[in-house]
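Got some structures for you, see below.
You will see two complexes here that share chain A, one where it goes with chain B and one where it goes with chain C.
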Partner chain A sequence: MKAIVTHTLAILFCFLFTTGCRKNLITIPPGSKDENLVNTQSIPGSTMKKMEGIYTLTAGSNELGEQFVCKVSRYKVSFFSNKEGIFIILKYGKATDGSIQFSGFWRYSEKKDQGNIQFAITAANGATDLLNGIVNNLKITGVNGSSMQLQYLRKFSDKALSKDFMIMAHHGVQTTSDPPFAENSLLNVLNDEDYGCRGLEFDVRLTKDNVPICVHDATIDTRLTLKGPLSGAWDQYNFSLISSYVTLIDGQKVPSVEQVLNAFIDSTNLTYLWLDIKGNKDIFKYLEPVIRKGYARAAAQNRIVHFIAGMPSADVIAEYKKQPSYASLPTLCEQSVELAIENGSKYYAPRFTEGLVLDAAQKAKANGIKVLSWTLNDKNMIRNYLVNGQFDGMISDYPAYVVYDYYTLF
Partner chain B sequence: MTVGLLAVMVGTISLHAQDLSQTAKPKKHRFSIYAGLGPNFYFNNLEVSKQYVREFNFAFVTRFMWEPGHNLSLGLETGYNGLYSIKENPTVVSQVKISNAVIPIQLVISMKFLQDFYGSFTMGQSILLNKVYTKTPIGEQRSTATNLSLGDFGLAAGYKKSISPKIYLGAELKGFYSSKLDDKNLGLVFLTGFRL
Partner chain C sequence: MQLFMQITLIFHEQPKGIGQLPFVLYLKQVIIPIMSKNASPHCAWAKQPYKTILFFVTVCFLLSGYRVSAQSDNFSIASKSFLLPQPQAKGKFTQALSIYYVVPPRIWTLDMVNAPMFNYSAKYSLGKGFNVQGGLSSLIISNRFNFGPFWNHQFGKDYLGIGYQLGFNLGMLNHFGFESTLTGWEQQPSITWGHDFGKTALTVRGDFYYTSSMNVSHGGNKIPYNSGFINGGSITTSFEQRLYKQKTMSLGLKLNYLRYHILAWPALPVNSYRYVFPEFQLGLNL
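After this line comes the complex of A and B, so read on.
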């Protein structure tokens, strides 16, 4: 009996040993040939923005869903389905026949199933009107095998548009299920708006030469990076060495906070960036000039942005208090609404396991503090928190769930 | 997974040996210390700077063993296990040298198979040492970063011969696996043992 128990434990140990740490596998979105976009003209994003709203399937296959939320980002049009967090991201252009052509991919939120898709709005189906700023009986039809037709149903409600709801990606999109990009990376900054986000939550650590960088884990490991010659804690190396010898699992480099802010400001319409501070000594001293520089850059481009320093623990709050000049910049407190008030934080972010926190949310709002819940990945819980909570935003690995529910429920 | 199964097999053999030893006639136990040195080869699985890796290095091993007079003996092992080094000149005026090594602190289970042959399994944690030297026009920098790897193990097959009542000489072929960064190497260690 003793031998059986010992053998079982040995086998269990070996199983855990060999399967315990899984690499964060990347599933790159499928490349499309975009044949239907050849010789098309670009259309301003402000024109396409008019097509935002709720669409319903009127013909063809319901494989990708039956009702969709359409959102327009800086360069793409995205549809978010009622079915299993499926979303469609499309490039677009105006064809010579007056139609608007779309090409891109569809994908599940929690599965790596994905594929190419092409759509068109013919001149008769509303393209001419849309290009003139009118949305009237708009129909979008699949081409080249995408046998489905969507019809514009209604615009987003005034309630949904007036709420300034923060839908934010957790280190990036789909980071717990075959993500398209390495977490905390520049490609997430550049693309997450297409995935329905208004903001991002990234993690911040310091290097040995005190450069704030965006990375989650405390040490260089093969979960997030390709195997390279450096190992150990990030703050044991200078940023130049990290840039030369550390590569993220999708081939990108670890970005500095400054690089993230520049991409965020220059190349996206994103508004919110939650920088989750991981607690290096004097981190606020080195972060503050970078953040102030970012605000100056955004102001020069008339961009309204919010760079929010997240304080997840008492240690980080203690570091924050060592840098009094940081108090004029926005911070977020995770621990309690009382600490958020005490530290002058503009945001309070309870973990989802704390529930709806109705009393705390009310107290926060009475003090002008916005409330965010993190990290909500279960679609039923997302719906429950949207309907019954008083949150101003949500962090999720699967923003497609939040986008669909938010714009259809309100 | 193959490595895991090998670990189970060695563990199983060791456990059987323990069961058998319970019925054997008790013998006088003793303690021994071993020290060894030898070359090793790193299985280069780097995905960054792979082409600059120097795979050959060396290992130094010390082992303290309790030998109860049966086939199975137990002990502790430490030492210095060089993994690999990198030397690169990113620009004409700069130079980077990186070396990686492991200091294992591990439990040893060793079992004699024939008169002078044995197999051993080591498991435990290791300290990973990452030494970096950079030289640029601005100046030189040296740094050593450390990291802890908790689930490391090694498998060895060896030969040892007693050349006097107190002294052994031997050699062993040892494979080592460090789980933290998926490092693997194979070393040939020449050992000297001293019976206390």
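After this line comes the complex of A and C, so read on.
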């Protein structure tokens, strides 16, 4: 009896430790009440763009940081803190008293702590000036419980603005720890700009009926999707079946590349989309018409965009060579600068583990090739690569770190 | 719970010898598919249910199989155990080989291949309850050396050990797009409690890890971590019993709460926050 109890306990331990786990689930941004935005008028994004720059905390709690980078996206104003990748994303409107009201949320990059926050710029603190394009004395003050006051310090340096630096979200995710949205999803496309990104990286596979879709893993699994009736490789199923029966972990559907491009062009100011090709047979043959259609759509809206097909391996390069007409579209080579030159790629992207690759970067630039490093998540490393490297962009699982460091270092 | 009962029933109904083969087949054909479908989202180990479950249930199967043959002689776990913090005679040397199966958080190792680490540990008794212990854990590209003194005391059937070890982490990978090395020193105090059940022993050990220095280099570019930091802690529960003759084996379940683990360093050297993740240990006392 004693032996049975002992062994049962041993198995119980095994069972609990094997099946129990820390679930890394979605943390949806908190819904804001937006009381202060009631009856406000919309302000053009181009007007708000003037408030971009570096801000410093002049009063109130430093719980969310002491220095901030302010970026303005198509519809939001975002602040990126010097403290632990904290970011603040705000909607805005002009109130009847002449002030500009802000309402939104703050969040840590690497943990799911978040909350609502509201600010205002009164007419006396520079709201009127801002609407006229003047920002020198801008003060943004916390309201409804927040005591923070941020003072405009300076605009971004010419050096920072001239580099056209590509800050990109890995798998489109704004923070990999408890992300707000499922990776490779349309909500990433629609929101990444608010998180300081100029672009994003998605993964591309083919379905059975040769529709390019955005998904990372080779098979349908519980890392990315909710439990459902389909299992196994994605290319066993038609896109319609996947759309009907597969749900991403936050309830969204797996998007096709075409859906992603349409959202990217129509609803954002994003510029760069790195499509990491996962190597299905003839994938470039089926991707090319989708990409060309996307460029036509962007041209019709006067949008300058770059849809970059990423080639991570020799197999994918071999597939690329099977579709010579794709050569006129931008590609990215991960393996070496020599292969990037040989294949006419416009981008070279060494993994961060290869180091700063200074010689290769110089060679790339001499050949008109831009250089990106991926995937940088460590704060020390991001800063080190920004200071010492010659990169034209970075992919990160925590782009808020890159945004703050890039605009404050240069 | 139903699954647990299924495993328990099978476990005890097929206790020994070659008759246990159907159990393994049943495990492969029934239990693992069930586990695979019901695995929680985002669990790294849920991605490899076959390996993980087969590994641990087979260990339980082995332990169970020998319970019958290990009953009627003068075997005493207290004198043969490697993990119990028992005071031993001066000059006694013992050693053990183990396999550690670390399951790092999925977000650390999205595209990484996971594999078990091998560990060799030895201890040499200095008398009066003191001993020194040292060990090497290795996955070829990821290595950890540790060495330090322990003091042990007996309270009847219970034992208490307090120790301090100095750890050195060394990682080197120069293939697959990596040109990376990691070195770091770590301070590792620990406290261990053990209970002697006669022929089996249960040991619970708590460890604290303070990383006093760390250097990471990628492609020759050094990334310094100037100040020391608390890496985290772990709690290990180990069950030890006789395997054959006077040799013992152990099954351990370790719960880590760490900012980084040497196993996963090529993917992400140091995280801003600590993560909880399990580690399974199978040991053989040599």
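Assume the second predicted complex is superposed on the first by the 385 of 410 C-alpha atoms of A that agree within 3 Å, B and C clash if a C-alpha of one lies under 4 Å from a C-alpha of the other, contacts with A are read in each partner's own complex, and residues count from 1 in each chain.
In this text, contacts are C-beta pairs under 8 Å (C-beta built on N, C-alpha and C of every residue); 3 or more make two chains touch, one makes a residue touch a chain.
The structure presented is a predicted model; accordingly, all values stated were derived computationally and were not measured.
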Can A:Pro44 be said to touch chain B (first), chain C (second), both, or neither?
neither
Identify the partner contact of A:Asn380: answer first if only chain B is touched, second if only chain C is, both if each is, neither if none is.
second
Between chain B (first) and chain C (second), which does A:Glu84 come into contact with in this model arrangement: first, second, both, or neither?
second
Touching A:Lys227, do we find chain B (first), chain C (second), both, or neither?
both
A:Ser177 contacts which: chain B (first), chain C (second), both, neither?
second
What is the contact status of A:Lys208 with respect to chain B (first) and chain C (second): first, second, both, or neither?
first
Under the stated touch criterion, name the partner, chain B or chain C, that contacts more residues in chain A.
C
In the overlay, answer first, second, both or neither for which of chain B and chain C A:Gly355 touches.
second
Just which bits of chain A does chain B share with chain C as contact spots?
3, 6-7, 10-11, 14-15, 17-18, 21, 221-222, 226-227
Flag every residue of chain A that touches chain C in the complex, lowest number first.
3-4, 6-8, 10-15, 17-19, 21-25, 84-85, 109-111, 176-177, 221-223, 226-227, 249, 334, 350-357, 377-381, 384-385, 388, 397
What residues of chain B sit close enough to touch chain A in their complex?
1, 3-5, 7-8, 11-12, 15, 19, 45-49, 53, 84, 86, 90, 96, 98, 100, 128, 130, 132, 134, 141, 143, 145-147, 151, 179-182
Given the complex with chain B, which residues does chain A contribute to the contact?
3, 6-7, 10-11, 14-15, 17-18, 20-21, 208, 219, 221-222, 226-233, 236-238, 241, 244-247
Per the touch rule, the chain C residues reaching chain A in their complex are 3-4, 7-8, 11-12, 35, 37-47, 52-53, 56-57, 59-60, 63-64, 67, 105-107, 173, 177-180, 197, 200, 216-221, 223-225, 237, 239, 251, 253, 255, 266, 268-273, 275-278, 280
